[in-house]
Amino acid sequence: MIGRTGESAQAKLSVAVVGCTGYSGAEVVRLLFNHQRAVLSAAYSSSGAGQVLGLVLGSMRNIEFSKLEEFEPARAAEKADFFFFAGGHGRAMSGVAQLIERGKKCLDIGADFRLKDPRQYPEWYKFDHTVPALLEEAVYGLSEWNRAEIKKARLVANPGCYATGALLALCPFLEKHLVATEGIVVNGMSGISGAGRTALELAYHFPEASENIRAYRVAQHQHTPEMEQELSKVAGEAVKVSFVPHVVPASRGLLTTVSARLTETMNDDDAFDLLYGRYSGATFVRVLPPGNLPETKNVRGSNFCDVAAKVDGRTQRLLMISALDNLGKGAAGQAVQNMNLMSGFDEAEGLWTPPLYP
Amino acid sequence: MIGRTGESAQAKLSVAVVGCTGYSGAEVVRLLFNHQRAVLSAAYSSSGAGQVLGLVLGSMRNIEFSKLEEFEPARAAEKADFFFFAGGHGRAMSGVAQLIERGKKCLDIGADFRLKDPRQYPEWYKFDHTVPALLEEAVYGLSEWNRAEIKKARLVANPGCYATGALLALCPFLEKHLVATEGIVVNGMSGISGAGRTALELAYHFPEASENIRAYRVAQHQHTPEMEQELSKVAGEAVKVSFVPHVVPASRGLLTTVSARLTETMNDDDAFDLLYGRYSGATFVRVLPPGNLPETKNVRGSNFCDVAAKVDGRTQRLLMISALDNLGKGAAGQAVQNMNLMSGFDEAEGLWTPPLYP
Amino acid sequence: MIGRTGESAQAKLSVAVVGCTGYSGAEVVRLLFNHQRAVLSAAYSSSGAGQVLGLVLGSMRNIEFSKLEEFEPARAAEKADFFFFAGGHGRAMSGVAQLIERGKKCLDIGADFRLKDPRQYPEWYKFDHTVPALLEEAVYGLSEWNRAEIKKARLVANPGCYATGALLALCPFLEKHLVATEGIVVNGMSGISGAGRTALELAYHFPEASENIRAYRVAQHQHTPEMEQELSKVAGEAVKVSFVPHVVPASRGLLTTVSARLTETMNDDDAFDLLYGRYSGATFVRVLPPGNLPETKNVRGSNFCDVAAKVDGRTQRLLMISALDNLGKGAAGQAVQNMNLMSGFDEAEGLWTPPLYP
Amino acid sequence: MIGRTGESAQAKLSVAVVGCTGYSGAEVVRLLFNHQRAVLSAAYSSSGAGQVLGLVLGSMRNIEFSKLEEFEPARAAEKADFFFFAGGHGRAMSGVAQLIERGKKCLDIGADFRLKDPRQYPEWYKFDHTVPALLEEAVYGLSEWNRAEIKKARLVANPGCYATGALLALCPFLEKHLVATEGIVVNGMSGISGAGRTALELAYHFPEASENIRAYRVAQHQHTPEMEQELSKVAGEAVKVSFVPHVVPASRGLLTTVSARLTETMNDDDAFDLLYGRYSGATFVRVLPPGNLPETKNVRGSNFCDVAAKVDGRTQRLLMISALDNLGKGAAGQAVQNMNLMSGFDEAEGLWTPPLYP
């Protein structure tokens, strides 16, 4: 039997995960496994209902015995005080609304509460938002930028993986108006777990995806509006970005390269100093000194986001680069970080395992 | 700053890792990071001496600040009470001898103390053993089979990765004489981290190793004698195996398929029952029921070894299969498990994180 | 426009591929592309009917303009004189029968005509054979072992990929009674394209299949009876094998390791000499001298099968190892080789491109 | 014995490859293998001198028997009329000069003759050019853009892989002044064979490179000046680009995403029409219609470059994307294409094999 001894179970926050057989949900379960202040008290999965989680996910065999159930908000409210939603876009809205009403705290790993303007949902996500009133209340859960609001929130919208990568790299410079707000180009390169566990498409069939590099949803990816919403807030003016996501043959990992025009001359040390100052005190953002560049290998399985910036003096542009684990800081890691903030726990609780290397 | 608060540092065992920039050594450091009863007090590396570990290994940046030193036994003895040796075959012998003499406990992840017969070293490892007296004292650290001796040992020899995989699958059947002692065939398939971090050979260059499947050291691999030594002990008679290791394009993971002739009729349920009974109480060996087969994905980054057996009724042979992480149960995980046993800690302390999936 | 000029189109054999959007079928089309004596005159695909092949398979864009059609034997007989069937087990039987009746030559890449005993079909393939009379006539298309019969055949059953690997390595020794007929253990390790293009299972989803090593259908794989059928023929007595297939994270490539007890003493040079002698004149079987071992990298994209043998003197067993491309010599390559033999062409026509390295 | 029969050897151009055990050199050898108009008459390799090429490269075993020699220009001039140089930057200069003087034609796959301004060599390549006079004469071998000059050239400088990808995508738009010359951002993602076969660095060790995504030489990559040189020529004014190369865990393949500001409104159909018109008659550039995007999988092992463009109407930028095989159109394939042009052969001779899929 694996598990901590000598702990007082009473003190723990009871947590439920809705959609816990997908990659993000499973990763939340994994992180909760060693969390000192929270305990998994209910596990929901529509595809796996009736089975034991540790048998659906072979990695959890013998260690995770939760019985999977079909999620039903009223019954679920009896089981837990904090809810993670990891079930796919458009599927959290109604459940969240019912749970918030019942006094529960909710964190949506999906996109249902990221955008402030409800009109963007039909445009970017092809669904109409059914509880637009909650959009206003929801806090965008980029932990390092909205920490104060997150701490007070009942409902947090976890940022998209690409948005997290782009915002953590770009915001510090945009905040200080060191880069121009037009002409920003964002390139993202993601591992394939970002596509989820259940969408079995030919494009993700191993023989197709291995040794393949490709762009997709060029200038049409649904993380674009949340990037722009948050960048505009930080910049104090409307910001647009041209975003191209790519898929590369990796399972986990997301690298983002942001290019923007410098508004004033700067060198690599200046750029480092700015990042370093902005993220001092931010446990999970590691600023790399000049000469170092982020690699997804170094953050694999963790909640870290490594960032660096490099001046292209020849073109007077700044290149901002970040590496994160799309299931870590890009999803479940940041979700647990936000739960910690919302619950008054240490921000790093349950997240302190070093990256898995190699 | 990541780390546990409110812990009493005094109570902790002070631990040193010799060779901590290699893959196995680095994995021990990673596991110690959250260990409640032990703390890394010295980090040795000949290639990295003078640098900070968290800068040599980018995954450890900002969280691991140990200064790497050149290992020197007399000075090292002042620094720690428990020593892991992870520096390559033939390099631990003399240091271990000096530390044992000084009353320290040692665990060698390498092969220097695995074989009881010193004459096997020149034959299989191409070096002469310089402290053969210690070979007798050393306990072979297959945790689930030698638990009692390990608990009392000053010196434990951690099994080879292939040996761990083969022994955990085969020993239960050999112990009960359910399979013949001749004609045993062992096939191992390993990820490439098993080759280590520093041996930069063309064969492990990404373009060469990706999309490549190959056998190597056929019938000549150095883990053969330790398999035979331990199998003979369990069987109560001399056992020989024909062992073929393979390299496949994965980073971590080791699958072993053992084939042996049945001495009496048996079905899949019988085989399961035997394994299940033998490993009841063994936290880290997960016995899969009939219809399930081990996969390295399910043990990645963990100390688990998944085992299963399948009867081939047509040929009256038994197929025993195990999956482990070559750096987990195949090296650093089992090493920490053994340290726990040697130190009176809970056997699973520091090892309870679920596998990283996917 | 890519293509050879100055060729006389009249002289060419008109060829049809049934199931040409699967991996094996597509590889036949690729190989036919530069074949001097044959031309693709009809392309069948039930999933792609109505579309242009070069748009269904992006790799063929702008170079392959065949319109895909639904296969119907009577109409197809008007279009071609030679038919490749690549559509999956159980799907070729009836079409082959109708085409043979119409005087056409057929090569089935699937299993429908591999087994002589019709009772094995329900046992291993879960279907009843509807034209058992043709099983007798069909020639098992292991080119190097049945060349004479293949040349005269109207119907050839292309061997399974695992069977090809095992037979090419093992037959030379079994033929000379140098290894025992009992206790033979066959281990196969295959890339994932062997699972086909259309079966989108979770197990082959990139995040699941990458970094995963596993066995499957242990002692139950359907290539077992064809191995035994052909081995028995070569040995002149009944031979059984215990076969364990594995999947490793590669797209193409199949390595086979066969272990058998030596009936007389032999060294590595003897083993080499035997293989070398047996395959002199066999263009596509490359026998590696002692000290060399097959690697799938070296045969990728080609019709080569590299073989080697190594004596395990300690256990008096012989290890026979082969590497091939499961879509090359393991499927489409051998299929074209057999078409060449059946049609009186040079055996290597269309197959002379060196492996793609790296 | 593999090979074409009935061919007249006299008519063939005798070709030498200098540096033929590297990846690019070996790929030229592979392509020459089936070339109807050229034959490999000398093979040079400093690391492999004295050995047979087919034993150094296991993929060539039994089919390529050339004896490797140390390259010496005077002696080499006796052996061949056309020379490929594939030995690394700075190593071709002097040999090329001596061979040109002796009336030979030369193609440098490396960078020694790509830049017109000799001052750029110390800046970007850290060596001084020793035969600057030849820089003027050398033709930049982007086949589709400089076809006429290449046909007349004695010396062609094969473009860098990244430059090929960027130029083929961007030039058509820049030529028509449809995108602005400032603010161009180029992102490249390359497989690891681009790093070569001999540089055994930790970064390319399989366990480090697999599951890793990273940028490198940000704003400092040596392909930048050749991109700018050729873009400026096409645009008729000075063009600068900000270029970020990335390494992803693939062996072959290079995807390039170029972002530039539109100077006038355009839609996806307009962009397609422009590309399609520009590359009509260009065998190896496949323009994908709107809704399709290039993937490296589709060009693997071939000389194709797939290109597409997508308008980002929200930001008034144009995204131009190309996919090629870094060893194909990015090196050896384009090199053979240029040899064909320089020698009056069909441009596609030896290059017509479809991509290897999957």
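Labels for the chains are A, B, C and D, by order of writing; each one numbers its residues from 1.
Rule of thumb we're sticking to: a contact is a pair of C-beta atoms (placed from the backbone, for glycine too) under 8 Å apart; a residue touches a chain by one contact, two chains touch by 3 or more.
Quick caveat, the model's predicted, so the values are computed rather than measured.
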item	value
Between the pairs B-C and A-B, the one where more C-beta pairs touch	B-C
Most distant chain from subunit B by Cα centroid	D
Length of the line joining the C-alpha centres of subunit B and subunit C, rounded to whole Å	39
Chain centre separation in whole Å, for subunit C relative to subunit A (CA means)	46
Distance from subunit B to subunit A - Cα centre to Cα centre, in angstrom	35
Contacts with 2+ other chains: residues of subunit D	23, 191, 193, 197, 207-208, 210-211, 249-252, 295, 297, 300, 358
Interfacial residue positions of subunit C with respect to subunit D in the complex	1-5, 23, 26-27, 30, 33-34, 57-64, 193, 197, 210-211, 251-252, 283, 286, 288, 292, 295, 297-302, 306, 346, 348, 351-358
Residues on subunit D engaged by subunit A in the complex (per definition of touch)	182-183, 185, 187, 189, 191, 207-208, 210-216, 218-219, 240-242, 244, 246, 248-255, 257, 259, 261, 293-297, 300, 310-315, 317, 319, 321, 323, 358
Subunit A residues touching subunit C - in the complex, by the definition given at the top	23, 191-193, 197, 200-202, 204-211, 249-252
